[in-house]
Amino acid sequence: MTNQLTEIRKRVYEANISLQEHNLIKFTWGNVSEIDRQLGLIVIKPSGVAYDKLTPENMVVVDINGNVIEGDLNPSSDLPTHIELYKAWPEIGGIVHTHSTEAVGWAQAGYDIPYLGTTHADYFYGSIPCTRALTEEEVEHSYEKETGTVIVETFDERNLNPMTIPGVVVRNHGPFTWGKNAKQAIYHAVVLEEVAKMNRFTKQINHNAKLAPQYIMDKHYLRKHGANAYYGQKEKICKNDK
Amino acid sequence: MTNQLTEIRKRVYEANISLQEHNLIKFTWGNVSEIDRQLGLIVIKPSGVAYDKLTPENMVVVDINGNVIEGDLNPSSDLPTHIELYKAWPEIGGIVHTHSTEAVGWAQAGYDIPYLGTTHADYFYGSIPCTRALTEEEVEHSYEKETGTVIVETFDERNLNPMTIPGVVVRNHGPFTWGKNAKQAIYHAVVLEEVAKMNRFTKQINHNAKLAPQYIMDKHYLRKHGANAYYGQKEKICKNDK
Amino acid sequence: MTNQLTEIRKRVYEANISLQEHNLIKFTWGNVSEIDRQLGLIVIKPSGVAYDKLTPENMVVVDINGNVIEGDLNPSSDLPTHIELYKAWPEIGGIVHTHSTEAVGWAQAGYDIPYLGTTHADYFYGSIPCTRALTEEEVEHSYEKETGTVIVETFDERNLNPMTIPGVVVRNHGPFTWGKNAKQAIYHAVVLEEVAKMNRFTKQINHNAKLAPQYIMDKHYLRKHGANAYYGQKEKICKNDK
Amino acid sequence: MTNQLTEIRKRVYEANISLQEHNLIKFTWGNVSEIDRQLGLIVIKPSGVAYDKLTPENMVVVDINGNVIEGDLNPSSDLPTHIELYKAWPEIGGIVHTHSTEAVGWAQAGYDIPYLGTTHADYFYGSIPCTRALTEEEVEHSYEKETGTVIVETFDERNLNPMTIPGVVVRNHGPFTWGKNAKQAIYHAVVLEEVAKMNRFTKQINHNAKLAPQYIMDKHYLRKHGANAYYGQKEKICKNDK
């Protein structure tokens, strides 16, 4: 167990650090986790610790119910949101949450990030949904847990597949992204932020810009993902994790 | 007294230098001060000195009436504004003034920076007010002092608490922020600028974006501040100073 | 042949790397090629390889029909688009494709990047066209090849000269630029992105901004290009390749 | 004479290099000159030379009629514009021209950069004018010279003082700024660009934002400039050159 956790601690640490390099956060405003499904353990950033104080060793290990298994620090206060997503979606292995500026722009606007072009379609097979706002009851009852619930509800109600649309913006809050591991979740966080920016620009130039055609989305998404993917090099099935 | 001033000079120097690192200023367009309430002394940046010429030693020490106690250089010309705020609000210990671009955008628009999301609510318990413009009489009489007066008036008239809304934009001018010390005032300056940017983006995407719900503000602000705060690590009461 | 390819591999490698320095790409989202018309060979970036793994040696050499002549990696999946342009326009020697943010803003809006000022006119003799969207049939038949076809069609139907308007935005996709070699194509990619940004700003300030006068375009373009150019130093005929 | 030119060459070289540090240019898209009124000589950047090839020694020395006195390279093609301004306004000693993005946004919009706040008023005593477009005759006759003529005409017709409004945007083109020397002209170029950005933000937030009050302009401009200035340190009369 120790060796496996050593690796996962290192990966989660590196993913958290990369949030800064990708300009996705200010101060401590982000968190990344990764789950080991076999061990039933999640490794996540500690809460409110400055990035230059983070180390692989002070990442917090919790079980699927949020109990701290290893570590002296509190886990990220957003841990219950991560747990809801891990519970609902067994295929995902890593989660990222930030307050990245462009994505927050859409979250505050209360709008989906619309599918307008091929950059979007290379990684997200459809518009990126914006959830409804949490109700007062949900906020008071169990805020961070219900944030996860409302994300899952959004995907369920709209019949969206979290493996092909690996991100969301939570109304009045900000983005969550996920992937098969922490590194891929980071990749999706970068793409979501970039697409949010491209789409803001497009709305400025042409406020009535229409969604791009479905058949272009099919082409771009499927040339990167799945059995017939031909983007990238042969040894990889899904090419978006580099 | 000397030792205490050595420390405060160093802190004020470092806070001024950090304005550049946070991209809040161009040239000499900012100033930071900190007050020692027991000594009754304020340490502030000298006026119009290039940032690469600043040292802890050339910070200027003044008393609460603005008389220079130590230093050969003129204090920042905005000193009288700082003094008004220190006099009106005994809980604050540090003040920052900049012409940061996003905040100035709102100051020139004459609009409050509205509460649209959780990034805002983590640090500001309500929309960040924009003051009225100073009158001709106020400008001619004692411009920098009256700038402070109009800030205090804004908080008084709207019944706002400067300890929970630690910043303002002065109409046609720019932002002032404050905190328990210079470092926290800098933190608030960064947050204010980032929120101003997020909100500009939101207005571009949805010009009619509504204020976020009050109960989300309550939740976010109170999970970081006060007796029941649970964000961050246990030894800290108020978590926003890292 | 080897020596010639050594040089062209190096140039194509350097041009690909420069995409990062010019902030035109994220991750692997760009590709540059150069053609040797005498050898009938094209050198292009491999598909989906991280930029820090690129070397002059792993650039892929293909013939004009896309057959790999040298190299173990797959060529960029956009190769068929490059080939269509090289076939249609014998004067061009290098091509760049990116998803640069400002240009994509226009591509998604479905608008030409209009000629609004002299920065534009220094390098593009007329508005930069936006193609029509590809049809479903085109996408399904041969997507990347048809992307090239629709670019050529756009220039043909509008009677535009690709040597004086060395770039395009493909609807819902992004920019392609070209030039006498890879380096000049990169230069044009930078100009296109900058002009796209300037024009977005102009539209924000004055949504009804008009095209600039034709006679200013004539002056600016012709003082840099052609027999009577007087910009730059004497030994160069066309000055825009520095 | 040689010693004087050594100093002025160095200053003009450094000012040109600083255009990059201030993010005012791409490639070779800017030029700075300085005049020695006693010698009747102007030192200016050579035309179209990459910034990493510039040295104090390859700056070009010309007389007031544009004849090259020292140097093997062509002077900047914008030299005739500089000469017109030096001839019309004997108080100015340095000139900067760029295609900085925000300023070009206004130039292409055809709008003055309006006086909306105190950052503006600290350096420009009134809105920064946008010239009319040059006529076809002017462009064909002597384009760069007439660019200078139309700038001077703008100040004359509107009765503006180039010493208190040290900059302009030329319609469909971009900004020129000036000052007592090259360094001050650079400072004004940075301010103009920053104010252009602030004002774009303000227009986004409140499209009907009004000009700021005249009495605030008087206060801000006069506390920095002239006999009663009190900003900065005592040994300086005009404080905006640091």
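A, B, C and D are the chain letters, set down in written order, and residue numbers restart from 1 in every chain.
The working rule: contacts are C-beta pairs under 8 Å (C-beta built on N, C-alpha and C of every residue); 3 or more make two chains touch, one makes a residue touch a chain.
In this text, all values refer to a predicted model and were calculated from it rather than measured experimentally.
Taking each chain's centre as the mean of its C-alpha atoms, the one that lies farthest from the centre of chain A is D.
Of all residue numbers used where chain B meets chain D, under half belong to both copies. The two sides are thus made of different residues. Put simply, chain A has to spin 90° for its C-alpha atoms to lie on chain C, with the angle rounded to a multiple of 5. Centroids built from CA atoms put chain B at 33 Å from chain A.
With centres defined as mean CA coordinates, chain C is found 47 Å away from chain B. Across the assembly, chain D contributes residues 204 that each touch 2 or more other chains. Pairwise chain contacts in this structure: A-B, A-C, B-D, C-D. For chain B in complex with chain D, the residues that touch the partner chain are 26-29, 46-50, 73-74, 77, 99, 101-102, 104-111, 133-134, 136, 139-140, 143, 172-174, 200, 203-204. Across the complex, chain D meets chain B through its residues 116-119, 187, 190-191, 194, 197-199, 201-202, 204-206, 209-210, 212-213, 215-216, 219, 223, 230-234, 236, 239, 242.
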